Amino acid sequence: MRQLLITILCTLPFLAGCTKKSSNEIVIGQYGSMTGSEATFGQSTDKGVRLAIDEANAAGGIKGKKIKLVTMDDQGKAEEAASVVTRLIEQEKVVALLGEVASSRSLAAAPIAQSKKVPMITPSSTNPKVTEVGDFVFRTCFIDPFQGTVMAKFATENLKAKKVAILRDVKSDYSVGLADFFTAKLKELGGEVIEDVSYSSGDVDFKAQLTKLKTKNPEAIFIPGYYTEVGLIARQARELGIKAPLLGGDGWDSPKLSEIGQKAIDGGYFSNHYSNETTDPVAVEFQKKFKAKYNEMPDGLSAAGYDAAKVLLKAIEQAPDLSGAAIRDQIAKITGHDGVTGKISINDKRNATKSAVVVQVEGQTNKFVTTVNP
Amino acid sequence: MQDFIQHLINGISLGSIYALIALGYTMVFGILQLINFAHSDVYMIGAFAAYYAARTLGIDKNPGVSTLVILLIAAMAACSLLGFTIERLAYRPLRKAPKLNILITAIGVSLFLQYSGQVVFGADPKVFPAVLEDSVLFTLLGVEFKSLDLAVLFVTLVMMVLLHLLIYHTKLGRAMRAVSTNMNVAAMMGVNTDRIISFTFVVGSALAGVGSVLVGMKYPKIDPLMGMMIGLKAFVAAVLGGIGNIAGAVLGALIMGLSEEMVVGYLSSTYRDALAFGILIVILIFRPAGLLGKGGVEKV
Amino acid sequence: MSAKLLEAKSITMQFGGLKAVDSLSFHINQGELVGLIGPNGAGKTTVFNMLTSVYKPTSGEVIFLSEPTVSLKPYQVARKGMTRTFQNIRLFKDLTVLENVLIGGTKDISYGFFSSILQTSKYFQQEKALKEKAIELLAIFGLEKKAHAPASALPYGEQRKLEIIRALATQPKLICLDEPAAGMNHQETHQLMETIAKIRKDFRLTVLLIEHDMKLVMGICERIIVLDHGVKIEEGSPQVIQSSPKVIEAYLGAEDIH
Amino acid sequence: MKKPLLALIGLIFVGFLIDLSFDAFIQLTLIYVLINMILAMSLNLVSGFTGQFSLGHAGFMAAGAYASAFLSTIFPMNPGPMQFVYFLFYAIAGGAVAGLAGYLVGLPTLRLRGDYLAIVTLGFGEIIRVILLNTKTVGGARGMYGITGPTDFTLGSWTISKFLIGYAHAIFWVVACFVVIWRIIRSHHGRAFLSVREDEIAAEAMGIHTTQTKVRAFVLSSFFAGVAGSIFAHYANYLNPASFSFNRSVDAVIMVVLGGMGSLSGSLMAATIITILPEALRPLQEITGVDLRMVIYSLALILLMILRPKGLMGTKEVNEFWRKYVRKTS
């Protein structure tokens, strides 16, 4: 018995299964952090992507073929992202790729997609470097400089805040990038970063940083992190008696934000793709369908995933054939796509140009405050 | 001055959270010389047990002492059961195996709990129910003293005293000490070592359960990986104080909490995590058995 | 041959409030065979630990080959030529008998790290010589046939012997044997006595012996030091010791003489 | 020097065949297997042969990886037939930096025993990672990307692929690491390692300078971890501090224990299994719908520890089993 178990355990790795491929399918690959410390981001994106694919299949697929989505987990590790993307391209023969949330992992995978000439769209990697990898790499979200600019402008013009403090997530490339661009723009606009402190995602206690910020009396605090930490940060800030408004980026967009932050986060502002009290039919429809399928409200990453998948499907539909180059050309041509997250047009740098909105948290709704155009 | 006192309060409150978890580590280490890596995940399960208990009983929006008691019982029960099961299934078969094997098994159990937690509970963070209203007890020099912070500190100290009494003033505790000093001799003297070890795991895990509810109250965001960082730091704290030593765990945890807080407050926030380990290394270099640990000369 | 090889000058070892050894002074001459006896807990092993620098004496000095050794590390003392065996056998259990002996051969090896990686001719020569020597040593105690067995597989008595062989492999001038006959039967003890006498002659060794077995000690030691409660109570030839009332009292107070 | 050279040539020829018959994914996985082999063997030197727990191996790998990647920006590679020499140079430099880090860490801490040493090395691993996370010149949290890696080049009518160069470089170090450790263990210096593992006090009494011995093992082990890091950096072309977290150190320990403490061939086998297992379990996801890979991985780990506490090989090497088998059958 023992021997048998050992044998099975040892031979398991070599029984790498093969998946059947049918010519009646168009295979799209997705890679993301489905497990590990950033699993919640990968899973949210996956939900949005799946919704888009299911819709397309319900409508009869594309070119008479069903769309098959193969999602592979990279555990939130860059080297896994690289190997997973290689596997998707080599073994699953995907026609295009969707992923990743984090720029660090998109940057690890993009060169592979580029060299194999498989188009890749990242739904939410905001670092400018990602699409600079090559002409097969696209994105359907903002880039950090734009979002940084939006919030810096908002802070100085709308809130008249000149002395701003930053609390960044040093473990997240997204947060660090956004904080840097925000700082640069704020200085340009005559503002001043009076304190720049950091935390690491996964932390639960931020009082030390906040106490330090409090002594400097900032007029606003910019927290370019994810909702997973921001809710707790807001609570602790209020507990310490910090009254300055809290600002953030699209990483805040999740129903969980106010569930965790409760009253403390109310009144915080963040830049986002859309406000969830929008009356835009695409967004309303998306929220309805999402709710019906998953029985929860979508967060920003789900919306971004949905849009990226939609853009990709549109390009595949318009492409004369399923070669990478053909799909690539069509993605590059996308203009004025009515996405959940705004009108998406791909520019010559393969980035999406779309307007951003600044919203204010009020319970579960993100109230529209202002629109900022690129 | 005001901010210094605030930092002090923050540090002690953070330290007492570490201490609650560190106590569990130190107990198991004391008796088995095993770094129970799964302890921080038992703590995570405790938090989820309390979360689901509150939801099924419909008391998640009903803060009060009765809710606290119910959740504590739920978490402690779930953790004890889990701790008992882990010891029984994973550690007991390895009692005679080399240390590193047991360490790897502990890591395996930890990974298992984390990843199955992500499958079962979902990876997204959950909001821990409001258990007690946090209120300002009194204000001193412009710094507010909150009921939750003091409750955590109080519970930690009570646990420490109870554990001390258990270990040094009961028959069971004497048996535990006997097993920890020499398992074989204890067995020869008629101590049922397996039962004592199980008991240690049950107590240690119940402590993790208490910790999970208190931490959940203070930081109401729970997720399957919540135990990782806090567990590591709590463990470092236990080693710092001299692992196996109950008072040492609390002392180490308070030092950890305070030094982290002070570094962020007065030096650099980016190196906060590096610092925790930096202190540990410096202390271990000068006191290889931790602050309160017994050095002991190896018998030749 | 009467130069002082080793001299302990009022060495004291204190563990907390307990003085395990209290200002003990003695010396060992070149080529002597000295016994260190005393009832259980008298501090004999602690003396060994201080001589070999495993413990640093609380106070006092150890002079070996006219140099103080208290500040040296145990390996330095060993390299100077003082080596030992252990009361509670400390063999390298998972290694073979031969490997146990080879480890003692630090002095025979001069090839460096890279020679061993490149396996130069120097490496082969020295390894070969070392192995031959080790087998010779094993042969003295009749263990050469078991050279490739794991040390832990040896019976108790042979493990004791292997400890002595391993100590001899370091080419010591002074060897400290900590109860080498413990757990052996009469015949084995007798055999061991002969072997100790033989190696002493063959290797021109000086021996310091801790032993419980009075017969063994009385039979081969030239001079005996008696320790009780960390203090030297008597010193002299076997005859002197046997008739010393202090010694008899110390032993009768504690246990029977074997 | 004949045998290892022949082995190396043979293995490079195998790489040639792999290059012709397998796709890039399998090739990439193979390189990761080789990297993990070096990692496992080097950790085995410290944990298996010298008996010191280390939970910070990823930190040394990171030091080597970043040093080597950084060096390649100062002395850029010349894509051509000479690139192999460049990689060798980067790897040695990366290994040297890691070795130096190992020396600095080892000297003050190696007198600690057992779990305490494990925790301190864990701490150092984390400190190295936090430092990298905060160093802007190597990309911080975003990571370092675009690191020069092997490229295809043509030699007359022959095209030598990127994989083959990467593979040749990696396999060179696998063989080097194996031979170095194998031979050291069979020398006086290696027996000193073993004696420290078995009994430090007895080793001292035999004239073994135990601290120096431990530091030597630690430095050599760190050197190879750094080399593994360098190979990783230049084949993945990408580095991120998150890749060198505590989990990677744990992976390395798992490989050593699973393979057998003190068995090099065990380390090779375990590195292969541990690298391939999660990949092989991927198709399962399509059947179950949820990602159970890591759940199964961790369960398998626990079961293996219970069923085979000495690892796959114990302290034995493959050839010893082979000899036994031959003896039995003849």
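For reference, chains read A, B, C and D in written order, and residue numbers begin at 1 within each chain.
Criterion: contacts are C-beta pairs under 8 Å (C-beta built on N, C-alpha and C of every residue); 3 or more make two chains touch, one makes a residue touch a chain.
Because the structure is a prediction, the values reported are computed rather than measured.
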If a chain touches chain A and chain D alike, it appears here: B
Pair sharing more residue contacts (C-beta pairs) when B-D is set against A-B: B-D
Longest centre-to-centre distance from chain B, chain (CA-based): C
Innermost chain, taking as reference the mean of every protein Cα atom displayed: D
Chain centre separation in whole Å, for chain D relative to chain B (CA means): 34
Intercentroid distance (Cα basis), chain C paired with chain A, Å: 71
Inter-centroid spacing, chain B versus chain A (mean Cα positions, whole Å): 35
Centroid spacing, where centroids are CA-atom means, of chain B and chain C in whole angstrom: 48
Junction residues of chain C - those touching two or more other chains: 54, 86, 90
Junction residues of chain B - those touching two or more other chains: 115, 270, 273, 300
For chain A, residues that touch 2 or more chains besides their own: 34-35, 170
Chain D-touching residues of chain C, taken from the complex the two chains share: 52, 54, 73-75, 78-79, 83-84, 86, 90-95, 99, 102-107, 109, 111, 113, 115-119, 123, 126-127, 130, 166-167, 169-170
Contacting residues of chain D [partner chain A, same complex]: 23-26, 28-29, 32, 133-134, 140-143, 145-146, 232, 236-240, 242-243, 272-273, 276-277, 279-286, 291, 293-294, 300, 303-304, 307-308, 312
Chain B-facing residues of chain D, complex: 47, 53, 108-109, 111-116, 118-120, 122-124, 126-127, 130-131, 133-134, 201, 246, 250, 253-254, 257-258, 261, 290-292, 294-295, 297-299, 301-302, 305-306, 309-310
Residues on chain B engaged by chain D in the complex (per definition of touch): 29, 33, 35, 90, 93-94, 97-105, 107-109, 111-112, 114-116, 119, 232, 235-236, 239, 243, 270-271, 273-274, 276-278, 280-281, 284-285, 288-289, 298, 300
Contact footprint of chain B on chain A as seen in their complex: 34-37, 39-40, 42-44, 170, 197-200, 202-205, 207-209, 211-212, 214-215, 228, 231-232, 235, 239-241, 256, 259-260
